[in-house]
Each structure stands twice: as C-alpha cells, then as structure tokens.
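Following are the structures in question.
After this come two complexes, each holding chain A, first together with chain B and then together with chain C.
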Partner chain A sequence: MNSATTSAPLRGGAGALARFLGWIQPRGTLTAGLAITFVILFMGFVAPFLYHVDPYAIHPDHALQPPSWAFPLGTDELGRDELALLLSGGLATLVVALPAAVLGFVLGVAYGLLSGLAPAWVDKLLMRLLDAVLALPSLIILIFFASLVTLNNTSLILLLGFISWPGLARLVRNETIAQRGRDFVLAAEQLGASRFYVARVHLIRSMAPVLVVNGTFMVGDSVFALSALSFLGLGVQPPQVSWGSLLQDALDIIALDPWWLIIPPGLLVFGSLIAASLTGQGLLQRWGNSR
Partner chain B sequence: MSHVLDIKNLSVSLKRGGKSIAILDDLNLSIKAGEMLALVGESGSGKTIAALSIMRLLPKGAVISGDIMLGESNLASLDEPAMRRIRGLGVGMVFQNPLAALNPSKTVASQIGEAWMVHQGGSGRAARTRALELLTEVGIPNPETRLDDYPHQFSGGMRQRVMIAIALACSPKLLIADEPTTGLDPLIARQIMALIARLRRERNMGVLFVTHDLSVVEEHADSVHVLYAGRSVEWGPAKIFFAHPRHPYSEALLGSVARLGQARLQSIPGNLPEPETRPPGCRFAPRCGYAKPACEAGYPATAPGGTQACCLFPLPEKDQLTYAQKLVKKPRRNFPLQLEVQNLEVRYAGATSWFGASSKLPPSLMDVAFTLGRGECLGVVGESGSGKSTLGRAILQMVDYSGHVILDGEDFAPLRGAARRAQRRRIQVVFQDPRESMNPRIKIGDIIAEPLRLKGRISKAAARAQVATLLGRVGLNPEMANLMPGAVSGGQAQRIAIARALAAEPEVIVLDEPTSSLDVSTQAMLLNLLKDLAAESGLSYILISHDFAVVSYMADKIAVLNAGRVVEMADTAQIIEAPQHKYTAALIGAAPQLRGSV
Partner chain C sequence: MIRMIGTRLASSSLTIFILVTMVFFMVHLTPGGPAYSILGQKATATSVAELNAKLGLDQNIFKQYAIWWWHLAHGQLGYSYLLNRPVGQLIVQYLCNTLVFYSVSIVISTVLSILIGLVQGVYFNRWPARLIGAFQLGFYALPAFFVAAMLVLWFSVDRPWFPASGIVNLRELHPSLADYAIHLVLPVTTITLLTISALSRYFGEAVHEELGKDYVRTARAKGVSFPAILFGHVLRNALRPLVTILGLSFPYIFTGGVIVESVFNYPGLGWFMWRSALGQDYPVLIAIVLLIGVLTIIGNLLADLVNGLLDPRASYE
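The block that comes next holds the complex of A and B.
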C-alpha cells in the first residue's frame, strides 16, 4: 500500500457524506435549516405516498375528533383525516410554490443582469419601473390579478412568480454594477467576450452566494404568499386542500377550539419560512467565513 | 548603552485548523536608543508577527514564549491593563495603510489629542496645543490651518505623517513602523523614510522598521535583521550588511532589488515554504544556489564575521559584490512600427444630473502621442493620479477617449462589433492585483483556456494541451490547471494572468503595475520572465509603473507622465543619464541606485 491511497480515505459516497457533515457540522444554523427543509420536503413529496388514507373520505360519525390512534392528527368537521389532508395539502402547496420561486428567481436574475449591463438610460428606465412595482403592496396586486384569472396550478405559478422577482432583481442589478468593473471582467472583455458571455460565465459565478442565499429566501416567501392567497380563497382551489385553505377551514369553526386543525398547518407554513431563513443565513455565514 | 528593546528567544505559534503551528522561531534582537533596526523579510517570513507580538496584538490562539524586554518590563508576561499603558505610552506604532488606521469621522487634532489624553490626561486645550506641536514636528505645512481637517482631506503621504504624529503623541521610547512606505509613491516614500530617520535622532528613540524591501532601508537603517520562513538568517550593522551580505538569502534578496540601469536581475527560484511544510534543516536550502547536502540535515550555526549569519557555508566577505553591476547602456534598436497613439485625450464624466447633463471634469490625460515598435517596451512612469493607468486603459479601449490609437495601421475609432472585438484581442493586459484579475470561482485551467474558447470552437483535449504548454511557458507546473486561483501564491497568480494574456496571441501587452503587489524576489523573477517572453516572440509591452528602477530595467524608452501630460520621453539610457525635466530627475533620485563598483 503506498501512502497516496492511505492518505485519501475520504473517497466515494460515504466520504462525500462525511465531508458534507464536516462542512455543516460547525454551523448550527445551516444544519437546523437543512433539517427542517428535509422534513418539509419529505412531508410534501414522500409521505403522501406512504400514508395510504384517502384525504377526502368523509366519516360523519367521527367529525371533529382530537388526535387518536385511528386519526393521528384528529379529524375536521366533516370527519376527514387531518393528517391525510395536511399531506395532500402540502404536496398541493409545494408543487405551486417551488416552481413559482424558480420562475421569480429566473426573472429576477435576468432583469437584474439586463439592467446592470444595459446602457445607463435603459438601466435608469428599468429601475424606475422596478420602483413602481415595488411601490404597490404585493398582496394587493396578487389579490387583484387572482380575481381576474381562472385559478389553477399554472396560473398560480405564473402569478406568484411574476410578483416575487423585484427584490432579487434590484440585488442582482447592484451586484452586476459592482462586479462588471472588476479586473477579471475587464480582462474577459479584452479577450473578446460579449456582454452575454460575461454575464453567463463571470457575473453569475461571482455572485453565486448572493443568488443562492436569496433564492433560498424566495422559496420560503413563495410558500407563505401562496398560503396567504389560499387562506383568502384565491389560491389553490377546492376541492383540493392546501395549508392555507386548511387554516381557513379551521377558522370557520374557531369557536369550537379545534387546536389540532390550526396548529399543524400553521406550523408548516411557519416552518417553511424558518427553514428558508435558517438555510439562507447558514449559507451566508459559510460563505462569509470562506471568502 | 542600554537597550530600548531586547527580544530574547521569542517564538510564536498560531492555531490553524485546531493545530498549533510555529510561525516564528527563536528570535533574538535588540534596539538601542536612537537606533533604527530594519526587520526585513518577504511575506510569510514572520516579520509582522514579530512586530505584533511586541504590542501583544496577535490573533486569538497565538502562543508566545520568550522575553520581550522594553526597558525593565517584560511585555511577554505583562497583564492586559499594564499592556494597554505600554501601547502608545511606551511603544508607538505606524501601520501600512494610514487611511484604514485613521478614524474618518474625527478631525486629526482630536485623534492626536486623544492619544495624548488617554495616557497623560489633561485638558482639551493642552491636547490641541500638543497636536499642533506634533503636526509641526512631522512636517505638515501650515499645521495651524490643518488641525480641524479630516483624514480624507490629506494626501497619502500627509496621512502617514498624521499617523506618525499620533504614534509620537506620548513620546514613546520605541516606534514600530510596519511597512509605512509601502503603497506610497517613491518620492513620498523617501520623504517619510527621511522623516522617521530624523525623528529617531532628534528624540533618541528606537525604531523597529518592518519591511519587505531592502532598498527602502538601505539609506537610513543602523542595523539589519533578515528573517526567512520564521527564522533569523542574518543580522548585524547595516553598513557591513549592505557591503558584504554573508547569507545566500541576503545576497539573493539584495540582488533581486531592481536598480537603475541594471543588466539582469537576480531572482530566487521557488517559493517561500508554508509554515506547515518548512524543511527540517536550513529553511532556505531548497532554493539556495550554494546548498550542500549538509544544509538539508543540520540546523545551521551562526558564523562569526562582520554580521551574524545562520549559515553552514557563509559567503566570503568579497570585495566585488555580485549584485552590483555596471550601468549598462542598452543599444538603441530600430523597431518596425506596431502601435501609434496620436493626440490622445481622456476626460472622465463628472457627476451626472437628473436630466443627463454631466459636469465635465478637467482631462485626466492630454495630448499624448507616441509610437511603439514591434518587440519594443515603452515604460510609463508617474505618481498616482498622473494618468498613467488611464493611458493604459485608453490604449486597451476600456475608456472613451478622443484621438487615435492605431494598431498595425488600423485605427480603432471606426471599428464596431466583431471587427472591434477582434482588434481589441490583439492588445492584452496584465493588471496589478493578480487575484482580482481572475474569477475566484473558475479553475485555473479554464481561466487560461478562456481566450481559446472565445476565439472559436476548440476541443477539450486541444484546450488542455494548449493550457499545459502555456503554463510551461510561464514556468509553472501544468498540473496547476486543476487548482482554484485561491490556492496559489501572488507570484504564481501573476504568471497565470500572463499565460492567459499570451493565450490570446496578442501583439501588445499593457502591463499595469504588474509587480507592485509582489515580493522583491518574486518581482525579479516575473520581470525576467516577461523579458524572456518578449525576446522569444517579439511581443511589445507598455509597462506602467511608479517604480523608475523597474521601468528602466525593462523599457527601451520611457515616457514620464505628470498631471496627465507627458513631460519627457526618451531612450532609457538617455533619460537616466541626462533627465531634461526636474520631475524626471526627482524620480530618478528616488530610485535605488547601483552600488559598489559604480
């Protein structure tokens, strides 16, 4: 055995895991964020296929029961299994919120890069436009447009995506302005690089920390915005339930104090925000240390 | 005569990744009242750690052993409150970057006064009087009118004087100056050096002058102490040291200082070892031209002589110095025309108002014209703000200008789009800060391959082969292609930047202060590399620098810029021998001269 093979025990899958754990271990924030994210993703995408209970099966004789062995999270006023509803609602929430966040992310990055690299007057115009969009409260705009269109998954994704980009766009624009005068960008231009090439190869990479961190935040915001809309009845449409609509349903019978119908969906919306925030903060810390 | 500072067996180790790593080993030095000791070493030698350990300003986890005697008190074992009294009162300190060390939101009078009142107490009025005395002493013109100015209202050199005034506020017995002249223009640096030299004599104060550049301290230091990789290699009286360096490293370090009219710079092969991988025997042995097998095993003992040198085979006290050479006149050569610049003028736009009207600032560059031949090197010298970098950027088409830049008979002005991009490629650039000129998130191999990819489609294998060739041409290991830019040293990074420029197959390279962020020995190596590359391939250079000696080493002709105008342009030898403009003469006076046989 030569020393080269013995000195590299961290190879392969297990090694990758060990390196990954070593990477996050000293940073509690990131660990906590990733753990909550994992739990939520598991509940949304895996658990519905493991828990074989029909969320829409009505058991009138078991209505409004607190948690028990038969109904782990109790039942609603129609006697539907709350855990099954929560899992189904989670999937419904995430399949809209995640693509919406991706859409908003792409729009924000594209708008920011365009504005940052365009001639000064175009930049000025785009930024004033952005100010105009930011000046209106996003929930009001959401409600306005949601009342105009037929609500389905596609229209919700577009709606949420189109509402979430301005913040990131401004960040990316400012970062672009800051980075485009750096020596490595000038050197690339001297080599004949086009603006598009500079944006694609250099700017995106050098602002990767900003992008990843803010992209993480956007996922949390997107879950929250969709839940708010659904709570108001303008989000995921019945009969499909979602975290927001489950909260709304519970609100109708709040006088009966059905805590098992309020806390779990509330906790999941809250958890999504916290997960995104912690993960983002954790990544920021990590990059801050290694920069 | 008693010692102001007496350091005995000082060792410092730092915590890195949970392990304790020795940074400085067994340092012994002493400074008498009124003596200036130059602590010399390249980056990684431990010189700054030594200076900081006197002030006990080391990073967390640092462990000191040994004694640091300041008069009667041992700074290595003093408690923190007592140490706070020492800082400022017993020892004053001046740092490299005065702008970072000064508080931007307080006037200089209050900052100088603060240093005084913290230790001496007393009224604000007395502190103000003291501040005025000190500003006068450090040579600030019209000090009474500058008392209430803020740091940003001072120039770099004046700011450093203010820093010195603060350090002197309580009349310390010892002044520690950590690279106080690095980053200043050479004329200003010389004045600061002379100021410190005068102050130590007038105040009978000990000075520990920390620097990487021997030429800075040549004129004023009383004694020299050279560090290499955390260990002392040679120390003794400056006069003897500069005349007869006895350690091979000292000799090499002296030889790599660029001096006016030098024929060939001596450079030191290899890199300074990291603290983790220092060789067991003599730490310089792997890079030493005189090394024998014994050097790799044994710890070298001090050899007696004029200076103390830690070397098993010290150099003899020669009469003829290897680093002193006769001024060589470069033969005047005729070059075929490559680049022509006519009536170049650059004006930066001032603040733009809301309605698009911008106030025009005075031009940064006026009426510049020259020609550059194929294979020729034009040196552009001037101090900061003279417009020398702007000239480089105009030639590179990075800024808007009026006038003409004509490459190979073709004017840039009418070119647009692809034709312009293709023409721009023919002029490449190497920037001052090699790290800033590379995207830190892209592998070195891909950085060098960028010009190849931008030129047209190229297969992965072909790109890899070309990258390997280019790395070889700049004297680097082809395996470096797999590293990230953060993993290489400054000198290596600058070679990579040169390799990238070469990959574009340019005819002209603009070198914008290519060596001013590098250590002296690395600088020598890089300059020699650039020289060899030009000789191989007929490259033309425009070398922009504030260092007249560096420019004179490289350039066939020199243009001297002052306030945006070319005040003098002539062949290198002619300009050194008979400068026509007094500004040129001053620059030449500030540059390191050849020693010994001249």
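The block that comes next holds the complex of A and C.
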C-alpha cells in the first residue's frame, strides 16, 4: 500500500479534493478555478459597492418572498434583501478567511523551515508537538478555542491562522530535509552562507511551486472552516451576517420551505472550496508538465 | 504484534498528554475564566471571587493541573457548569446516541462503498467509473451543513416523509424502535453521502490496482472465472486500505457529526460539544477533547488489528 492512501482523509480540504481532480483529469482546470475565484472575489470585494441595497434594511411587508425583480434572490423572514445579505456576508467571510490563510501559511513555512534546519532532537520535539495538534480534527479544536475567546475579526483570524498551519509545516519540513543535502545548498553553505540566507534564498525558492499550490488550498480550507464555525454560531458574530450564519438562520425557519435562503450560501461555500482546489490542481498540472 | 501495539500506545499516550496539557492551560489562562461564563451578566467582583474559591479556581494553576490529573486517574471528570451533573455520566449518555448513529452510518457507507468501488474498479477509466467519479467529486466538496439542509428541505419539508430533528417523537410516552429508526434516516443519509464519496473512490482505486497484479493474471490463465477472482481474491486484498482509511478517518467522521447532529438536533456527542461550546462549559469540553483523542487512537489501533487479520504479513511490518 502506498503512502498516499494511508494519509488520505475521508473528508478533507481543498488539497484532498485536488487529488480527486487529478484522478478524473478534466481539461481547463486552471481556467475554471481562476474563473470561479474571480467571481467569488468580485462578489466579496466589488459587488457590495455596486449593488446599492442596504442588507440590514427590513421590509416587513415583503418578508420571506421568493426571488423576484424587486428582490433578485428573495427576502428573509424580516424582509431583508437576500442578495445584499449574501454580498455583505461574502465580504465578512473573506476579510477573515484570507488574512487567516496568510497567517497560517507564514506560520507553516516558518515552523517547517525551523524544524527542517534545526538539530535532530529539536526536529523530533517539534514534530511531536505537531502530532499533538494534528491528533484532533481541526474543527474540534476550532470549536473548543472559539468558545474560549471573545469572537471578533481579529480573534477569528488568529484562531483560524493558528489552527491551519500544521499540514503545511510538515510538508515544508519534509521538503527542507530533502533539499538540504542537495548540491546547491551544500555549495552555498561551503561559501559561508548562513542558515537563514540558505532558507530565504535557496530553500524557499526551490519549493516555491509546492508553497503556492498549498497556499491556494489553504485559502479554500479557511473559507470552509470559517463558514462551518459561523454556521455553529462560533464564527462571525451577529448582527454581521456571513455565509455560514445565513445558512443557520435559514435552517431556523426551514419548515417554511425557504429554498432561496439555503441554496445560494451553500453554493458559495462549495464554490470557494472547488475554486481553490481547481486552481491548485491546475497549477500543479501546469508546473508538472513544464518540468 | 503485541510489541507494535505497545509502541503505538506509548507514542499515542504522549500525544494525548501534550494535547490535554495544552488544552488545560489554554482554558485556564484565558481572561475572565469559567466563573464569568457561569455567572454571565450576574457577575460582580464578589460573586466571581466567591465562585472561584468554591470551584478551586483561586489556587495555583499548577496545583489545579495536578488536581485535575489526580481526579482523572480516579475516573472523575468534574461537574458540568451548566447542567450541574457529573461530566462522565453526561458523556456516556450522549456517547450512546452517537455510537448508534455512527455504527449505522459506517455499516451502510462501507457496504455501499464496496459495491460502488467494485463497479468503479472493474470499469476503471471507462464511462461508468467516470460518471461515478464526477458524483464523488461533487459530494466530497459539499459542506455537511449544506447537504443536511437540502435533505431536510426535500424529504422533510417538501415531502413529509422523515422527521427533521430530534432522536424520537417527544409526544410519544413509550417511543417504539421504529420511531428511533425513522429519526435516524436523514442524519444517517447525510453522513453516508459525505463519507461514501472518498471511501468508494479509495476502494475503487485499490480494486483497480489489485486487478492489475500478477496473481490475477495467473488465476485467469488457469481458467478461474472473473467473478470468482473478483470476489474470492481481489475483494479481500482491496479491503486492507479501506480498513486503514476507516480507522484513520474516525475523527473526521466525528467532525462531520458535530455539524450534522447540530442540524438535526440529534442529541449525540457532537451536539453536546456544540451546546457546551456555546455555553462555555469547560469541564465538558475538556472531557470531550480527551475522549476524541482516545477514540482516535483506538480507531488507529483497530485498523492495524483488522489489517493484521486480513493479511498476516502486515503485523510483521
């Protein structure tokens, strides 16, 4: 049995999803991924400023209406415009999820490089610590810590960032150890380069494709994790809406059959994860072919 | 074999020890602390100090940490702040519901995954396998809360076939087994749809890989029929990776469980963890984290043991 199957999770993030894409090998993966990414970023950062409808304005006479010309995606139980809520919720989701992914990325690279370049016993210790963090699924740890802190954008970014690094850290550590013995690194060391210089100039550059691809996956995972947390009421806090909390709100009144309140936020979370894994897998294919 | 189990247990215990220690100190070093969350808006400086003294939270944190392990060694997990009952008792109660839910889900997903995986492995890279592959991809990426919500919408709201929440009809004084069963339909379907995608995919891969091996060619050359090879040899060999994945994925099923149980208001461990997190009930949260850690280790060990039975060579690795 190869190592790929042993480490394969039953439910994984964007990275595991990309392996599925690799199996069916669709054409135009990168284009599709970038296109969906563009749509989602546009919805999050541009559309809220183009669609001049107050998401928090209530219209009690038009409560719970299915999509119409006046309300393109219908209204919720207070008569708020669902499209405006979705756009506002998208911005709220992305302003937390993107910085969190960046934080997790930086932490993962730093921890991985440190562990890979440090003496063997430090490496062992750091890896054991990493195992402890990885022993539990990240959502469990997230729920746990989310209940401890006051939830706002800053704490959520820190929380998501500090939970998301271990996977990348292990990858970077393994890459570092693999690269460390190669000629160009040895040559640089012989010429008197410091460890920090070698890490900065040689190691990071040589593993740049791996870093970019996995960074892409982390963005998708971050959106996904934040949405799950918000769905559970432990993410973006009301009155600010987010994709996850919109779904939870719709679930409270599900007996009234509000399909227009459930499908759009669900598809957006799904789309974010798909976009990240299509883009990452597309980049992998492209760089894999050019080598 | 026994040595392997010993080594694994030792290294896993160390992992759990680090985890629990981190969790303990994180909880107790947060500003405010449990007293604030119990008293809520009624908190005053005096009442907080009083409660801290009563709960032993005013003592040295290392002493508290030692006391906590001492109690743990004696099987005491503390009292729930919110429900004022022993944590152990509460957890057993919710764990039973969860175990029913998961055993049913895992059995159904495994059986279905084996069937789908066999089709996919046999027709590898042809249209039936590709069609299945597209579905697997879709369900792998769908968020659990979205799948659950859509199922409720279709099969509970639009068509009143199955109940959308709870474990049993509360109006019944003595609920029948059928009542329990019908409440399980939608949650189990959700978990099954979510786990089956990856599980059947990995199994299909394994079947395909096995079909290409020398022993299959030899058997065919000797005139053994294809069904006999498939069910007599390939199935058994391809089950090994499946068992490993099932064992390793135990905590991930549980993660999906938190979401699914919260959607369906199913009073299992995931639901309990969710409610405790919203109510900042730390003794319960710490105990659940510990329990999941232990269950993860048991899951991994069980996978190794079953693999050892399926293929005796594996236990010598």
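Going forward, the second predicted complex is superposed on the first by the 264 of 291 C-alpha atoms of A that agree within 3 Å, B and C clash if a C-alpha of one lies under 4 Å from a C-alpha of the other, contacts with A are read in each partner's own complex, and residues count from 1 in each chain.
Methods note: a residue touches a chain if its C-beta (ideal position, glycine included) is under 8 Å from a C-beta of that chain, and two chains touch if they have at least 3 such contacts.
Quantities reported herein were computed from a predicted structural model and do not represent experimental measurements.
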Seminar exercise, completed: Max touched-residue count on chain A (chain B vs chain C) belongs to chain C
For this session: For A:184, decide between first (touching chain B), second (touching chain C), both and neither.
Result: first
Problem set entry | Touched partner set for A:58, first chain B, second chain C, both or neither | neither
Exercise. Which partner does A:231 reach: the first (chain B), the second (chain C), both, or neither?
Worked result: second
For this session: Find the residues of chain A that appear in the contact set with chain B and again in the contact set with chain C.
Result: none
For this session: Report the residues of chain A in contact with chain B in the complex, numbered from low to high.
Result: 120-121, 182-184, 186-194, 197, 201-202, 205-206, 208
Seminar exercise, completed: Contacts from chain A onto chain C in the complex sit at residues 1, 5-12, 16-17, 20-21, 23-24, 128-129, 131-133, 135-141, 143-149, 224, 227-228, 231-234, 244, 247-248, 250-251, 254-255, 257, 259, 262-263, 266-267, 269-270, 273-274, 277
Problem set entry | Partner chain A, residues of chain B touching it in the complex | 352, 356, 396, 398, 421-422, 424-425, 427-429, 431, 433, 436-442, 450-451, 454-455, 497, 500, 504
Problem set entry | Touching residues (chain side chain C, partner chain A) in the complex | 14-16, 18-19, 22-23, 26-27, 30, 130, 133-134, 136-137, 140-146, 149-150, 152-153, 156-158, 164, 194-195, 198-199, 201-202, 205-206, 240-241, 244-246, 248-249, 251-256, 258-259, 262-263, 273-274, 276-278, 280, 285, 289, 292-293, 296
